[in-house]
Amino acid sequence: MSIPSSYFPPPELTDLPEDIREQILAIQEKSGFVPNVFLAFARRPAEFRAFFAYHDALMEKDSGLSKAEREMIVVTTSAANGCLYCVIAHGAILRIRAKDPLIADQLATNYRKADLTPRQQAMLEFALKVSQNSDELVAADYEALTAQGFDKEDIWDIGAVTALFALSNRMANLTGMQPNEEFYSLGR
Amino acid sequence: MSIPSSYFPPPELTDLPEDIREQILAIQEKSGFVPNVFLAFARRPAEFRAFFAYHDALMEKDSGLSKAEREMIVVTTSAANGCLYCVIAHGAILRIRAKDPLIADQLATNYRKADLTPRQQAMLEFALKVSQNSDELVAADYEALTAQGFDKEDIWDIGAVTALFALSNRMANLTGMQPNEEFYSLGR
Amino acid sequence: MSIPSSYFPPPELTDLPEDIREQILAIQEKSGFVPNVFLAFARRPAEFRAFFAYHDALMEKDSGLSKAEREMIVVTTSAANGCLYCVIAHGAILRIRAKDPLIADQLATNYRKADLTPRQQAMLEFALKVSQNSDELVAADYEALTAQGFDKEDIWDIGAVTALFALSNRMANLTGMQPNEEFYSLGR
Amino acid sequence: MSIPSSYFPPPELTDLPEDIREQILAIQEKSGFVPNVFLAFARRPAEFRAFFAYHDALMEKDSGLSKAEREMIVVTTSAANGCLYCVIAHGAILRIRAKDPLIADQLATNYRKADLTPRQQAMLEFALKVSQNSDELVAADYEALTAQGFDKEDIWDIGAVTALFALSNRMANLTGMQPNEEFYSLGR
Amino acid sequence: MSIPSSYFPPPELTDLPEDIREQILAIQEKSGFVPNVFLAFARRPAEFRAFFAYHDALMEKDSGLSKAEREMIVVTTSAANGCLYCVIAHGAILRIRAKDPLIADQLATNYRKADLTPRQQAMLEFALKVSQNSDELVAADYEALTAQGFDKEDIWDIGAVTALFALSNRMANLTGMQPNEEFYSLGR
Amino acid sequence: MSIPSSYFPPPELTDLPEDIREQILAIQEKSGFVPNVFLAFARRPAEFRAFFAYHDALMEKDSGLSKAEREMIVVTTSAANGCLYCVIAHGAILRIRAKDPLIADQLATNYRKADLTPRQQAMLEFALKVSQNSDELVAADYEALTAQGFDKEDIWDIGAVTALFALSNRMANLTGMQPNEEFYSLGR
């Protein structure tokens, strides 16, 4: 069995640096609960700041990929890495952003069975290669994306979202991070 | 993308042999819908009868494994085989039988992250070996189960449920079988 | 080392239900010996009946695949699963049905080295994908079979024979089933 | 062949935000050249800032792991991911920090052949598991580190350095990043 | 399909250097046929001489391993490499040397199912690691052999026989080498 | 950790057969040191003679492949096998023969990142298939080489060099062979 999430105990809110405490309280106010990823990373304030800055730079900005498509990448590659936290938490976000109660479970089990556009299929195929065998990327992989209308900034975004969650999945698996129960049913 | 479930079109109910039509109507009455696995197999009446006879012999009988535990095996090994139908449909049955809305998603993503007894962990570890590397089974694998209190009939049951869904997962993947939408939310 | 076949001792013939005893005696009369698979499954009468009903539904009926071709699928996929019983017992049946003393050893070692028609090569390539990576089946895999003249019923048969022996290989590996010595030399 | 590093052309220094330009010029002054990773990430200023903040938080701080040990983790896991940039650039840094001209080539080829302390071997074995199979981490993996004297902060550091370079390796492979020629011979 | 053995046509006997022609004629006289491996290598006289010198140095000398045990290593590792020539030809030699008509088919399918002594099991487990993952050899692997009574010369022999057939299997697969029909039934 | 190279102690030069001692002294005179592979194999004179005869037959003769290209095959496939001795020693020879101080590190880390001609890429792709999955070689693999201008003798050479180092890598891993320190810096 994986180590419990109590292995690296989260800090007390009152012990946190001001900026991190405020960020966490703002999320709690907005969502009604504090996703466990914030508490886990808060144990290391400098890493917390870098991680969420990276996250927001990729996931919140305008992009050629819709926010739902970026969450598709997260769910699909996190499932390939066996990361419970990311599959469940980002599965919830994906259901909400895609307004589709089924898509997250489909992608988490087998993206080939989901009802995707050819563009989305190509996006996820590339993302899975970046996630699992990035050393084998060759020019033909980029051409398959270009053929679906993705430009270079889109390709960077697909790869960079995948790379960030390669980090995130490993941190969640390392720390035994558990998804909040709320995520399991959100958006169904 | 996988082939669509329309690749092997299901037969009309009226064209089915009497015994199969009655079995399907009984399920519809009990569940409120006909799980797609019944329609898919109905295309081949002799295989339908053998498959469900095998299924009921293992999944419905009294056993040293609870019905919830048998569904745990189904969900965990079907996830390892990327079988959308079995993960979603049996995930629903597992949630109901275990009275636990979270367990199916946990097992489908990474059984090491689920809140299991040591006995259940050992059961799933053995099931995954039967599912993925049955040629490598050695005496120590059986001893690990015996040490958790499983007897020979239990070990046969763990292996046989796994073996039946090795068949079932491949038939679902072969036929592009899609889970009924009802299953996604049942028992949550 | 694998567990011995005595781990799950076979029942006495006299303790078996009438229908199963008669089926076994009929085989003994016809073949001169009782293949061990019958004794192994006899320990569980309901599973015995379902398994052999499934087997006969696929292996004995008329089909677009010859009986020898169906045995080719069994030998090739059982070798990929390291199943000694199925490789040896069905290797013998294949030699007899194909009237070819070499084909079974060739398929069991490396089907790419056997002297096959392009149609048979395509059949075995598809069967191995169903056997080992059924989650990755895509439309192109079906088209490769259609291009060789296989119709949908044939494709179902290829996949279903493979799926049944996915079950069978796991039961043989689970129970330490040993092939009868007679099988090693039959048809050579 | 991998895409060339010109696929995502680096920006002109004069087009960069002030803080990034200054950071790059400072490095050039200190090292005598600008490592290509700075130019590659500079194309995305927000990601540049987050990445190097994360990097410095882990690689520059005081830790129970020496700086040389952290570079050992980078070289070993980057080799497992086939990342030329990280193997060559961090190989150079490792040679310098460990004052050992041979260690980088040894770790990049096969860490089992390097002349390591048992503590360092355990560290690299854990790092490779986080890198390649983080979903399979179990309590025994942490205990193996504790037995070598690593505390929880050390374990976080081993895992977090590995996780950051899981991201970094994928970004380098995605962008076809080439190591500067200077790195190949530094510290030999 | 593999390339045919006619891809690299064997030379005419009359065109061969004297020593090679004599060696081949001597084998023909002794065995009644010329194993195809001799004809395949004869295309390259210098490689022929080196290969068979290496072969005889390992396979014909006195050793702590019986000749049958050395053939067990050949059959088991050649099966793992999907080498039809070596499995069939050395399977025949093994049947003869072990005076056991079943052992070759057992080892070629799954050595865990064969009736071996613990010493032979340990020998084959080590050989398979040398064959498939020699980079992962660690001290414990050698200790497992020592515990079964193998000394250093025996361990070298196990590894060296495996290494020679790593070469041989690749040459047979490269050249599409087919076993002579005689080998399939010898010693049964 | 791998066993140390002292596990199989090399013989004293004075105890060696005359021909082997002279061969070793000649190399020492020419290179300034005795590469450890000579001392390791000298423990078994008959194997020593066969191995270096095989080596010279492939690596020293005239061939459609340049000597540098043959060393490219050695470095690339030895890296895939995690063989420290061959990567470092033949990396040095490659640097010298190709007059390129960077190529060995590139090929050892990821041949897709090296600056190769399409012909060399095709050569290394084929070599890696012979090295890692020779059982899956099919006619198309040979055609890809022919399309780059390689003839049958060249294809044999690519495969045979790969096969010889499949042996050599395993012997080096088996014996814990360490590269001489001189090799690490030669040709940089």
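By written order: A, B, C, D, E and F. Residues from 1 in each chain.
Following the convention adopted for this analysis, a residue touches a chain if its C-beta (ideal position, glycine included) is under 8 Å from a C-beta of that chain, and two chains touch if they have at least 3 such contacts.
This is a predicted model, so every value here is computed, not measured.
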Set of chains adjacent to chain B and to chain E: C, D
Touch-network distance, chain B to chain F, counted in steps: 2
Size of the rotation, in steps of 5 degrees, that lays the CA trace of chain A over chain D: 180
Rounded Å distance between chain C and chain E, as computed from the means of their C-alpha atoms: 29
Chain B-chain C separation of Cα centroids, rounded to whole Å: 22
Computed distance of Cα centres, chain F from chain C, in Å: 44
Multi-chain contact sites of chain A, meaning residues that touch two or more partners: 1-2, 82-83, 110, 112, 135-138
Chain contact topology (line, ring, star, complete or other): other
Chains grouped in pairs wherever the two touch, ordered by label: A-B, A-C, A-D, A-F, B-C, B-D, B-E, C-E, C-F, D-E, D-F, E-F
Of all residues in chain E, those that touch chain C in their complex: 1-2, 79, 82-84, 87-88, 101-102, 105-106, 108-110, 112-113, 116, 121, 176, 178, 181, 184-185, 188
Chain B contact footprint on chain D (complex, rising order): 135-138
Residues of chain E touching chain B in the complex: 110, 112
Of chain D, residues touching chain A in the complex: 1-3, 7-8, 43-44, 46-47, 49-51, 53-54, 57-58, 61, 81-83, 130-131, 134-139, 142, 152, 155-156, 159-160, 162-164, 166-171, 173-175
